[in-house]
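Shared chain: chain A. Partners: chain B in the first complex, chain C in the second.
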Partner chain A sequence: MSVVTDSVSYVYAVGREVPVGSLDDLTGVAGREVAAVAGSGLQALVSTVPLEDFSGEKLEERLQDLTWLAETARAHHHVVDTVGRAAALVPLALATVFYDEARVRAVLEERGAEFTRALDDLDGRAEFGVKVYLPTGAAPGAGEKGTAEKGTGEKGAGRTTGTEYLRRRRAAVGAAERAMRSARESADALHDVASEAAVRSRRHRVHDTALTGRTDQMVLNGAYLVDRARSGEWRAAVDRAAPGEVTVEITGPWIPYSFVNGEDG
Partner chain B sequence: MTVSGGTGGSPGIFGDQEVALVDLLDRLLAGGVVLTGDLTISLAGVDLVRLSLRALLVSIGADEDRADPDRGPAVTAPRWDPELEAGAGVTEVRR
Partner chain C sequence: MSDTVRWNTGQPRRQESAGNDGANLADILERVLDKGIVIAGDIQVNLLDIELLTIKIRLVVASVDRAKEMGIDWWERDPTLSAGRQELEDENDELRSRIAALEAVMARNPELAENVEEDAEEPDAEESDAEEPDAEEPDAEEPDAEEPDAEATDEPGDADEPDGAGQDEAVPAERPAPRRRKSRER
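Moving on to the complex of A and B:
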């Protein structure tokens, strides 16, 4: 059927037993309201959005517009996170769009068994993130502007000669490499502990300093699927294992975005 | 030393919101069920990540001319901005 329309259906997630009232007053992407489309005993969370913003070409363009991307990602997350507190949900990737609600219903019918399996798997579980950074101060030579580090610029020495400068510089680079190697090993060890205490784990790519907006180098960006009832235990295990020479950041609980694709996730 | 992100996660870039955008994009672009939607067939997950990270980098570089909302082409080289340095709002617990 090729009815010409100017709006399409944006799908956030597929859930089970989504409480009827939980979608009231909820605002989704493009400022639109959120509705449940039912099929196969499941509900898809859907907003009707303007086609002009979500057509393939337009979308590609829009994804490079940070303002749009940030708004859309936050709106998507807001819907998933809010409804996910009250019902089991399988989140979809950002910007999954179908022609209309009939198509969404058809997808629920076609892939109902798959969604049900995923819901069974994720129900009662949450995702946590662990990020590990090597502090700039721990890696001499990494911070160009020398944030008042001792050792790199001893006052008493007066003016340093070129050779002296090079010698220090080389030593600093060597120390920085050792610190980085040791931080990576610490991160791997922490990842092992966090994984062991979790149901499943996965490593996202580490962020460049340009993305994090900090000078510390990220060495681990891990995601861990944890039984909600045992999240305190998991957290304690990670806290205990967190090495002193690196900075460890824990985020979550998240709706398990990183683990919707089963065992391989 | 462990830093708690609390319930919402830790603020990083654009730490004005409770969840850092980069953390969110990790999950929304590399995670989530990838269904072949009716309109997004050409965009595989990996491309999305690359596209978006480029968008992030470019706009960090262009951040200071962000005052005008209809932003022209952002051509400034990527760089990090100490103003955006994460940390505000994060509670650090030294061990």
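Moving on to the complex of A and C:
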């Protein structure tokens, strides 16, 4: 792959023993093909991209463009995910860009030991996600109305009803809080089981409902590093432990993005 | 490779889109932006900016992912806004009818209004209200129209004063938002 001065090298991941054929017909960011840049017994997955789109200024500007960001993130993930099926990979963060392939080789050499450690750690392992939601219907309060109107026509009954109304309101608040607390406890328990069956785990921030587009509230967003050979066992353990009053969602297997820095979790 | 399976115990759920490219955009962004090994490239992107960016993404990603099915009015269908709003409207309707019923009772029976006042801890404020039930209607209704928005977004307090029977009209009208908010807090 030739290096032109107005191009830069976008790096997706660093791997070991990446099969040559696995990069064929693979499309990366900016619609570019993907190549392996070898050095220090490692291979970096690289696309040559136009400098004009990936200069510092331009990059910061484009990262604010959600459409571009979504496309680029998906492309980045696609490359990592596809090649990751065939070889051990350490994914890099989005938009890691070097001037040219020589610089990429230099980085492979400089940080070879670090990459090798991470690859040793992650080889044969996959990341799974577990998300737990409190279903909207589980938060009481909606069923309260309808009973509120009776008795208002009675002499003096209006006052009693108002007090009762407030009492019921407080009860509904209490019930919703209890439902949320109980869902959090279920989530903690499930996280413990999933962590127990995993090599390592960590909890990500829960997503806001504006982000998930769901009405139910996320109470757990966990990531678990699991030996691939034992992923069936892990799933079964999580399945058994999944409490009935919440919705559980499992994602994966992912290339272990969340565990590339070994000390985490 | 990243397939998603979701279930709700006892009640089987649909399979989520399978395959790596069908993975949820939020899940992908969470990983490729926040995670992965961070190496200072030759072209630096300020990670602080990315951190800020993720906050922004948290607010708007749904619009990208769902633009086609939801159209440009996605925020109106955002359950955090619309579901609660409908609930508040229902409650306001219910409260209005109850206020009307109370006022009818009071108009027929002036002594009842007096009794109500005696129970109140601050009778001075209620004096004129109780004697002129007609004048209350605009007072009670106008704030209703604006309260759901204002309270749903930035009313942290929870005015907990069920006493003062003379305030019955006003207090319930303000209750729904704090209650709803509590149920959504994490």
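Heads up, the rule we're going with is that the second predicted complex is superposed on the first by the 232 of 265 C-alpha atoms of A that agree within 3 Å, B and C clash if a C-alpha of one lies under 4 Å from a C-alpha of the other, contacts with A are read in each partner's own complex, and residues count from 1 in each chain.
One rule holds for everything that comes next: a residue touches a chain if its C-beta (ideal position, glycine included) is under 8 Å from a C-beta of that chain, and two chains touch if they have at least 3 such contacts.
None of the values given here were measured: they were computed from a predicted structure.
K.L.:
For the three-chain model obtained by superposing on chain A, do chain B and chain C clash or fit?
P.N.:
They clash: once the shared chain is superposed, the two partners overlap in space.
K.L.:
Please indicate which partner A:65 is in contact with in the superposed arrangement: first for chain B, second for chain C, both, or neither.
P.N.:
The answer is first: A:65 touches chain B but not chain C.
K.L.:
Report for A:162: first if it touches chain B alone, second if chain C alone, otherwise both or neither.
P.N.:
Second partner only, chain C.
K.L.:
Between chain B (first) and chain C (second), which, if any, makes contact with A:84: first, second, both or neither?
P.N.:
So A:84 only meets chain C here.
K.L.:
Of the two partner chains, chain B (first) and chain C (second), which one does A:206 touch, if any: first, second, both, or neither?
P.N.:
Touch status of A:206: second partner only.
K.L.:
Have a look at where A:172 lands relative to chain B and chain C in the superposition and call it first, second, both or neither.
P.N.:
Second partner only, chain C.
K.L.:
With both complexes overlaid on chain A, does A:7 touch chain B (first), chain C (second), both or neither?
P.N.:
Neither partner.
K.L.:
Regarding the shared-chain residue A:195, is it in contact with chain B (first), chain C (second), both, or neither?
P.N.:
In the superposition, A:195 touches no partner, neither chain B nor chain C.
K.L.:
See if chain A has more residues touched by chain B or by chain C, and give me that chain.
P.N.:
Of chain B and chain C, the partner in contact with more residues of chain A is C.
K.L.:
Which parts of chain A are in contact with chain B and also with chain C?
P.N.:
Of chain A, residues 8, 11, 14, 54-56, 59-60, 63-64, 66-67, 69-70, 73-74, 76-77, 90-99, 103, 107, 111, 115, 118, 129, 204, 207-215, 239, 242, 244, 246-254, 257-258, 260-261 contact chain B in one complex and chain C in the other.
K.L.:
Could you please specify the touching residues of chain A with respect to chain C in the complex?
P.N.:
Those residues of chain A that touch chain C are 8, 11, 14, 54-56, 59-60, 63-64, 66-67, 69-70, 73-74, 76-78, 80-82, 84-85, 90-99, 103, 107, 111, 115, 118, 129, 135-136, 139, 141-142, 145, 148-149, 152-153, 155-156, 158-159, 161-163, 165-167, 169, 172-173, 176-177, 180, 204, 206-215, 217, 219, 239, 242-244, 246-255, 257-258, 260-261.
K.L.:
Okay, in this complex, where on chain B does chain A touch?
P.N.:
It is residues 1-5, 7, 9-10, 12-14, 17, 19-35, 37-43, 45, 48, 51-60, 69, 71, 78-81, 84-87, 90, 92, 95 of chain B that touch chain A.
K.L.:
Quick check on the complex: what are the chain A residues that touch chain B?
P.N.:
8, 11, 14, 51, 54-56, 59-60, 63-67, 69-70, 73-74, 76-77, 90-99, 103, 107, 111, 115, 118, 127, 129, 131, 204-205, 207-215, 221, 223, 238-239, 242, 244, 246-254, 257-261
K.L.:
Can you name the residues of chain C that touch chain A in the complex?
P.N.:
Interface residues on chain C, with respect to chain A: 1-10, 13, 16, 20-21, 23-39, 41-46, 49-50, 53, 56-66, 78-80, 83, 87, 90-91, 94, 97-98, 101-102, 105, 109, 112, 115-116, 119, 162, 165, 168, 171-172, 175-176, 178-180, 182-186.
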